[in-house]
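In the two complexes below, subunit A is the common chain; its partner is subunit B in one and subunit C in the other.
Coming up: the complex of A and B.
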């Protein structure tokens, strides 16, 4: 956090921030605790009103409620509506909460069969429904994307939003940052990469470490579909190749309105 | 307390543990009627996610079972896949994997000891009040945790859901400068580790003993985080590939995480089991620390699991320095992972912060996953935790409901359960079984 940001936050009455968990790996909550250099300052600037992973105390009014995880049970929807009533601002943390992330991989499978595969004859103890993103149930004011969230982006967005600013999250695709890093294009390395259609802001970290983009940050505001067409053609790939990859993190909107499918294969 | 006084201890959503679990203890006078640790975490059904996916995505997908031990899942997944594909890791790859795992173990143990366990001893609900009252303690905890995370950053690209470790090796290597700078920081952590040991040596762990069976991996060389054998404190040894003969899972209605028993009874995995079973292989520094913390194996007090974690933290820091020296001495050479798909079946096991993690996969000729079975440490410990709660209840209930509740909560926390992990267990019957 910059000095200016800390000073500006000090002028506020300590905002009450709450962190809630639905179906997830808790890795985004962990990323908050992983802000080792900033955590002590942050805890003096905000009041942590609910964070079950880290504290016993609870509270019921929040300036900002952050939700990690996907909606996978009907009870989750009631919980979300209660949070929405109690919070001035609601944000999502990470890919499970939006666009649905890994929990959404079960979507498109027979959900009863899936439960039977895990719990056998006891499957009825643990019913499951389609995994959904938080914004399919309640209004969400901001998304902090990623799998996991990036610590710096978390601090930038939370402090910015508490100061009444627009969440500073890029709308351009990952390719922009990947080119700046002078990485060899993953397509040229023989891989399929979702960088051209995925929201940037991650610093193209996966391609930079020799991997490729899996689309964890969701669709860019303005995905470069012309470039995707050229890449696919140049590398002998098809739209189906891209869509199969896209389903890894986008298994809700890939099946519902507004997903990549609607844009590349209407 | 009269013979007829009813005591109920009910804690919904135990705080400062990973995930959602409830404690339920019912007693009538000194008769304990019911003890349960309910797990209500939403199950995520990973099998639907894995089935049909390409083998190389198994580490990426399964690491999302748990953010805290994501690298452990990556490494167990890779071990199982490489076994299925007939791949043997290079020496360089094995060293880097061990370093990556140490980073995660350090951050996880420090987080647990300082953020989740210590507040009970300071009489506060979280680490937040300690920021004001004991800033030096909080800052030291954050420095040590960051050190563990930075080890993961250097090796894997980031601490949560690392990128570079894949089936077949690493897609990115750290530079010698990065490793040497990390080495210096590991060495410089000695005063923080010493202060940590002094802090916890001064905290009196609740007095409670219940001998149980301790399981951990065994390898040919040294203190085992990776290995092909399962060592029991009772002396028997089981090959990892036959783990189902030793670790048996069953579904219980009050827990979306399955319970486990061995061929004998309930058992414990994790730092306490590892230190009990492998004490002689700890680094000299870790053995010294054990003496300072009053740890003489075998220790049968489950609250001492946190102390065992601190002993391991010192061991991991010492071994991380030794690994970096070995890597620098042999100099890092790019070994691009090149893996051919083939039909196969494999089991892999890794000692992750909370205990032995098993991954098992079957893949078809195209390299698509057809079956998977994962057994998570917390799932293995839940039945043993309940056995401890049954034994603890008659001891603490005469002290009143509040004292009993705190003792139970502290017991749950001592196990360092990773509940969301344990409920996200995948189970697919392997062909020919069930």
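Coming up: the complex of A and C.
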């Protein structure tokens, strides 16, 4: 977080918060509402200005904007620019907003054909573009990652932001917490796993319950993609398999130049 | 103190009783892993086991530990938190006992760390000697940690139908009072113990190709080795090696503020020199950002820095890091490769 941001925050007594939704399942917004035991305390700290999932009243005056969802329509871009002008701080909620996640699965396919499959003869009513992350359109100050976000992490970020601290989101990979939990490594269970390159902070929840990491929190700060590619190849995966692995949540960066693809390629 | 001999059946009875009355942790198997966990009967204890997923040091230096709780609504007040839960850790291997002796030297003798000391006073360590190697990854024999004379309260050696018991502390002696049936060791028992120890060395093959006393110099001379670059390209910086290491003790201290913004807690949590943020300072500058430097640092900690600072081995040869490394970085191979490549190093020096 920049010094200007910290300064901006410290002047706020009870910041007005707005929560917006683009293409997404609303699951991250629901995670905020799932803070049932903490909502009363939370509302002492912040004032809700706009949160369609939770309340009827609306307002265009807010300090902190939290955006869930991916950009999938041209109109979304104007909406985002307006939000950026009005808010002092902009954060994203969840994998759809960054690094795009599920809405990005259509990218790389014929978008008209995709629209026809989903909306049939009414496809033209729903004009849609390639799914892209919020920060490809406007400057974003912080990302709260995950699919969905975790309510405890959301609360830690909110308190951190109010105190003018760096948002406590780890840069290290999922493996760190997975080892501390003494899980049996997914690779030792005959699976492959994106834990070594995916941002931690989730408590390695998927591997802890017998699954493995799919990369929903985006890449760690310092992923060794080339080495993981070799590792996955050692476990019988082709380059196409590996790109498909990344496509579920990190597809936008896997497809775009200068992003994951450039890093994954030898 | 006079050694004892306990029949295995009597030890099982004793452990069943003990686990019913007190907190007893022991290695418990789960598929390919064993973990130190609280047990409620001796039957839960793994019969044969590799070094546990996390070392037993997790009971003395928990992965996350609250150091103090504070309030600042009416002035500032803080209260330190100490854990004084009594527990018995049963089945600690010699490698881990050596590691705990190192942690004692650091956290008690050097740092007088109150939180560590509070825990240490309340943990009784019952060790079990290894008479055969765990697997191909262990190299305790090379690190001279197969034999252990410190850290334990009791040390058991398998003599077939019975355990030979050495008593390391008053707490160990006190614990034995609960055993109904045991006897003092006699000459014959000590002979059997000695034979078991002698047979052990035939089973453990030396794996390190350098004399242990030469390891610090080898690492010091290898600072420019190209091997670090090779390892840096492979390393995932996932922290598996340091998290499972019984001699790794680095932690980060953080404050977590409650939602009311008027109280909170300060905790410490395990950290790893393999992570990018570890050596990062307030400006965002990291003093050990390149991966090869981080890898080199870890091996120097294990084979050189800790020894230089505390006079004890920084690696106890448990093999956990090698067993857990997804890309197969193995300390024995690293040390042996450093030993085998002086020519490459000279060429590099000439090139400058």
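Throughout what follows, the second predicted complex is superposed on the first by the 236 of 266 C-alpha atoms of A that agree within 3 Å, B and C clash if a C-alpha of one lies under 4 Å from a C-alpha of the other, contacts with A are read in each partner's own complex, and residues count from 1 in each chain.
One rule holds for everything that comes next: contacts are C-beta pairs under 8 Å (C-beta built on N, C-alpha and C of every residue); 3 or more make two chains touch, one makes a residue touch a chain.
Quick caveat: nothing in here was measured; it's all calculated off a predicted structure.
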item	value
Combined model on subunit A where subunit B meets subunit C, clash or fit	fit
Touching partner for A:136 - first (subunit B), second (subunit C), both, neither	neither
Superposed model, subunit A: greater residue contact from subunit B or subunit C	B
Contacts of A:179 with subunit B and subunit C, given as first, second, both or neither	second
Which of subunit B and subunit C A:44 touches, first, second, both or neither	both
Partner chain(s) touched by A:188 [first = subunit B, second = subunit C, both, neither]	second
Inter-chain angle, subunit B to subunit C through the CA centre of subunit A, in degrees rounded to a multiple of 10	110
First, second, both or neither for A:227, with subunit B first and subunit C second	second
Partner chain in contact with A:23 - subunit B first, subunit C second, else both or neither	first
Least C-alpha distance (whole Å) that remains between subunit C and subunit B when both complexes are overlaid	13
Doubly contacted subunit A residues - partners subunit C and subunit B	44
Touching residues (chain side subunit B, partner subunit A) in the complex	13, 15-20, 42-49, 51, 53, 57, 60-61, 63-68, 70, 107, 111, 115-116, 119, 125-128, 131, 135, 138-139, 142-143, 145-146, 149, 156-161, 163-164, 166, 170-172, 251, 253, 256, 420-421, 424-429, 434
In the complex with subunit C, residue positions of subunit A that touch it	38, 41-42, 44-45, 155-156, 159-160, 162-163, 168, 170-173, 175-176, 179-180, 182, 184-185, 187-188, 195-197, 221-222, 224, 226-228, 230-231
For the subunit A and subunit B complex, residues of the former touching the latter	21-31, 33-34, 36-37, 39-40, 43-44, 48, 51-57, 72-73, 76, 101-103, 105-106, 109, 111, 114-115, 117-120, 122, 125-126, 128, 131, 147-148, 205-206, 208-211, 214, 248
Subunit C to subunit A touching residues, read off their complex	30-33, 35, 53-54, 63, 233-240, 243-244, 254, 256-261, 270, 272, 275-277, 291, 324, 326-327
